[in-house]
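Paired with chain B in one complex and with chain C in the other, chain A is shared by the two complexes that follow.
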Partner chain A sequence: MAIQVSGITKRFNDFTALDSVDLEVKSGELLALLGPSGSGKTTLLRIMAGLESPDGGGLLLNGEEALGLKPRDRQVGFVFQHYALFRHMTVFDNVAFGLKVRPRGERPGSAEIKRRVTELLELVQLSPFAGRYPAQLSGGQRQRVALARALAIEPKVLLLDEPFGALDAKVRKELRRWLRKLHDDIHITSVFVTHDQEEALELADRVVVMNQGRIEQIGTPAEVYDHPASAFVYEFLGQVNRFDCTVEGGIARVGDGALAIPAQGGVQGPAVAYVRPHDLGVTPASAGPARISGIHVVGPDARIDIDLAGLTLEAEMDRERLATLGIVAGDRCAIHIDRARVFAR
Partner chain B sequence: MVAAADSDSTLAGKGGAVTVRAPVPLFRKPSVLPGFGLTLGFTLSYLSCIVLVPLAALIVRSSGLGWSGFWSAVTTPRVLAAFEVSFGLSFAAALTNALFGFLVAWVLVRYDFPGKRLVDALVDLPFALPTAVAGIALSALYAPNGWLGKPLNELFGLKVAFTPLGIAIALTFIGLPFVVRTVQPILQDLPPEEEEAAASLGASRLQTFRSVILPAILPALVTGFALSFARGVGEYGSVIFIAGNMPGLTEILPLLIVIKLEQYDYAGAAAVGTAMLAVSFVMLLILNLLQHWMRSRHAR
Partner chain C sequence: MPADASIAAPASIRVQPARAALTEPAWVRVALIAGALLFLALFLLLPLVAVFVEALRRGFGAYWTALIEPDAVAAIQLTLIVAAISVPANLLFGIAASWCVAKFDFRGKNLLITLIDLPFSVSPVISGLIYVLLFGMNGLFGTYLRDMGVQIIFAVPGLVLATIFVTFPFVARELIPLMQEQGSDEEEAALVLGASGWQTFWRVTIPNIKWGLLYGVLLCNARAMGEFGAVSVVSGHIRGETNTMPLHVEILYNEYNFVAAFAVASLLAMLALVTLVVKTALEWRFGDELAASRH
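== the complex of A and B ==
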């Protein structure tokens, strides 16, 4: 494997940023560290890069002990959320920086540097911008320069800290696709940090879900989405309806019996049930227990707010289905749940 | 005739009136900020009263000498020597300040240590202290029998007070805060990510400093240098005590002007003042252009 993290712990004063974290990053994979802010994901990434030193634990980069190494000796490419380009250098000089600062013996000649930088700028599709300064580029272009700059040193590992965090939604999506394609082409072991579950699920080979300095679950995007290991993972990966319930004999009862849900997972007693909005079905029924309190149409989908004996639920369906049902706000309806996950409380 | 009548009728046909656009004032861009005329007018009159009129009076006064009289007044060996002392030593002092003032700013921004606030406040003392007090303190300290003057003289044979070196020290003292206070805020705002990026790209600390930090703070450093330099050229109080004031050797321009005034040579004093003004203006202009060039390279 390319990176092995074992028992890494990091405290900032009273705050435990990382609590004995173990993680293996396989050679050539694209791994996402996903979690809310304060979950320790960025700290873990910075420790891998040597920009932060842990209070305890071990770190192997390509099988070599790396904690004693300075950032410059780790051969790690790092991409920052806010690009961190050198403002007073042109795009060309930014990308060439890592090559120009090499010790005399290892430094390529200026013709070779020019060739490599030109090649990298072609790779990130920024050849016409070589002579510009960072301030003259858009956010997406700047982040591509930052990526080319990190790749210039031919790193063994590429670390990206919220690489799309400062970009607007459309550019973010384009750049995400582009990065995935780039990774498929060059297969460099990469770890990126994000708090956006959609980004992690779409882009990564494997997703590491973190919370409060610990790893909650590691798995492929499908695994973590379909089989969340904990209530936190379920709640973090997408929209949810959450019910406090009591499970008896495979049936979860919500409140005073207003809703009965088939419970999977062999939990007994007090529990929490989660239902994704698209797993919540709605049928119009004049004597139904629930009431539609609002309908919001978002692009091709419709989100429906439902009031069930004081609980506010959210259902999601496409607009065609909504039109077929013919429901409007204020109608009474019945709800049925196709799939629910129950975790012990 | 016909053509004229035609054009008249077209004008009348377009509503009878030709809309005349208000003349667009030169240099003025449309802006949502009100009060351009008022504030510019006030600024110009204020600057005229405080700066331009006195300076103009100085030039008018010296013009009484005529061109040849002016030239001979400012090219006497004594005046030329004073020029060398004043500008040369101010330059040296400003250079020293640029280096060590930067170091002070660096330490104050980058490190935490007990008493940091105190040191930070100490930096401003040369601003607050009456310059004559500083001059007396410095000359007592560096005099041949002073605390520092004595060991320096005995150990290294170095005479400080009453030599050009003494003047340079006094000018360094009064110029230090200018560099520290201009560099400090820039250093404070420097994003740490750029340095981290340089480190992860394989740069040593020295390379990071040279190619990432220095270019970012150079404009501020030049400003601090210019301020310190300008202050040094005009400094009087702290220098005359430590200088010894030997004509041709340790006599500064401001002192020479005072001497000329005491001898009722008002026109001569004004002539030296005018020449000083011209040299200072040119040097500050060059420094400003240098800065403009540095900023325009990347602050787009």
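== the complex of A and C ==
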């Protein structure tokens, strides 16, 4: 089912959470709403579910006007950041809830409910835990119960609010991969909110980058990462070196000409240049203009702090490359920039 | 030699210092426990025992006679009626008040919370007096009520009103922190899953607060039956008509009828004991669910 958001605006007292947002979610896709906290992404998701009502704008679910519908009539599955499992019910009863509260005419028989719940618990690999209470489960297990519960009502859309936010790094990664596989299997239109760019880029078909109640860019993960539409998107999607510079004749000059960066896009005058740490090359040079001020090895990668005429830069490379270069902290070096983005200031 | 040292060191660390850091010397522990027990015995247990000893001083026959005497029976009945009206009323008010405090944001919320606490901070005598000033013969609505032929003060309605006022905070006080801590995530989840407001209330909200609710009701009931001050002001002390058990006890005591006074008092004491036993039994029987509901 497709979702169409047009001109949605939402204010909380003086704070504008959403400022005339337009968005189209295609049928069957997995879409990420990515942004820092306060960017309005969760509010947008809650408006889609009917848990919040906008001050203006329109919402179509599968072509039908949905703002007048109650949450229960929208056929959406919602997964909450802190799971929101019914604490006094077993895992089985949690998943069965959506089926048991249906009006008498539409309610499946108890044998049918049992079959469906068993099937869903198998899907989320929690069959042995059917009789447990939420308090007796780990975070990852609770989140999977929440997912099974949301899927039990056979929703047309699945909405997930920071689904992995409360989990530790390892579980988060596993669950992320598992969710992607699940989506590939059942192809339900899904929207998830996250502030973790890695999560959005890895998991989503398309990423919507939000900032201060507006959408900055919509695109595939490769598009938003490689061709960011604005300085904000560039800065938000990964580590960056940021330089204030002046562009003249296609060359961005930083400081007193300590660094010259090729600038495309016809920007002139004062600008901001961004360079990703892995696009910053380092070569040892005894008379080089820069100095290595520190090297931090993190797993297979190395992060190198570089001091260039008072500027602090960060470069990134794998450990093998570091070993080949043979540089240590305190060495002088030359730097070259493979790729940069320049935005007018 | 290094091997010896590495074995000897942990052995010496293991026993003494760890214990000294976490536990008090034996004499301190014994003194604290003994002090607490002595205090309990002196101020709680001794009076309780005294009530029963005094009540049974002339034997069980006299005790029984005092309880089935018509005025005593009337007092017991009246107490039960007052509790039977005010406890359900405060159950409803308490749920409603804590629901809106915990689940909604609105102007004047703090004022509401303060108002809920008012009966605890005001002397019960004042609470009773308020109703006399409002509904009494010389009160605000006094003439109107007299013309209508409705009697509130010195009658059962006054007793009920005063009791409701005094016992209002028990349920709400118990529920507000509980519901605030639980938030409204689960209710929202239920609504998205297709439950109606009514279904959400009965299947999600009530089960989540049932223990707090039960505590609140138990305490509310104990106070409703035992309330003296506020009820004393509005009652008028008409024997066999507007005397609740606590008032009846006072009258008997003032008439030097100690056996009868303590006999009725022993019923109130038993009510307290039953309340405690039920509370403990519930905790013991449903301990697992109780723990689960606290998450």
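Keep this in mind: the second predicted complex is superposed on the first by the 344 of 345 C-alpha atoms of A that agree within 3 Å, B and C clash if a C-alpha of one lies under 4 Å from a C-alpha of the other, contacts with A are read in each partner's own complex, and residues count from 1 in each chain.
Note that contacts are C-beta pairs under 8 Å (C-beta built on N, C-alpha and C of every residue); 3 or more make two chains touch, one makes a residue touch a chain.
Note that this is a predicted model, so its numbers are computed, not measured.
Look at chain A after the overlay: chain B and chain C clash there. Shared-chain residue A:Cys333: touches no atom of chain B or chain C.
Using the contact criterion defined above for the overlaid structures, shared-chain residue A:Ile261 touches neither chain B nor chain C, since it reaches no partner. In the superposition on chain A, A:Leu30 makes contact with neither chain B nor chain C.
Once the two complexes are overlaid on the shared chain, A:Val193 sits clear of chain B and of chain C alike. When the two complexes are overlaid on their common chain A, residue A:Leu237 makes contact with neither chain B nor chain C. Contact with neither chain B nor chain C is seen for A:Ala204 once the two complexes are overlaid on the shared chain. In summary, superposing the two complexes on chain A brings one listed stretch of chain B into steric overlap with chain C, and the stretch in question is 290-298; the others among 2-10, 20-28 or 290-298 show no clashing C-alpha atoms. 49-51, 70-72, 76-78, 80, 82, 84-89, 97-98, 101-102, 133, 135-136, 149-150, 152-153 are the residues of chain A that lie in the contact sets of both chain B and chain C, per the superposition on chain A. Partner chain C is touched in their complex by these residues of chain A: 49-51, 70-72, 76-78, 80, 82, 84-89, 97-98, 101-102, 133-136, 149-150, 152-153.
Chain C meets chain A in the complex at residues 185-186, 188-196, 199, 203-204, 207-208, 289, 291-293, 295.
By the touch criterion given at the top, residues 191, 193-194, 196-204, 207, 211-212, 215-216, 297-300 of chain B touch chain A in their complex.
Across the complex, chain B is touched by residues 49-51, 70-74, 76-78, 80, 82, 84-89, 97-98, 101-102, 133, 135-136, 146, 149-150, 152-153 of chain A.
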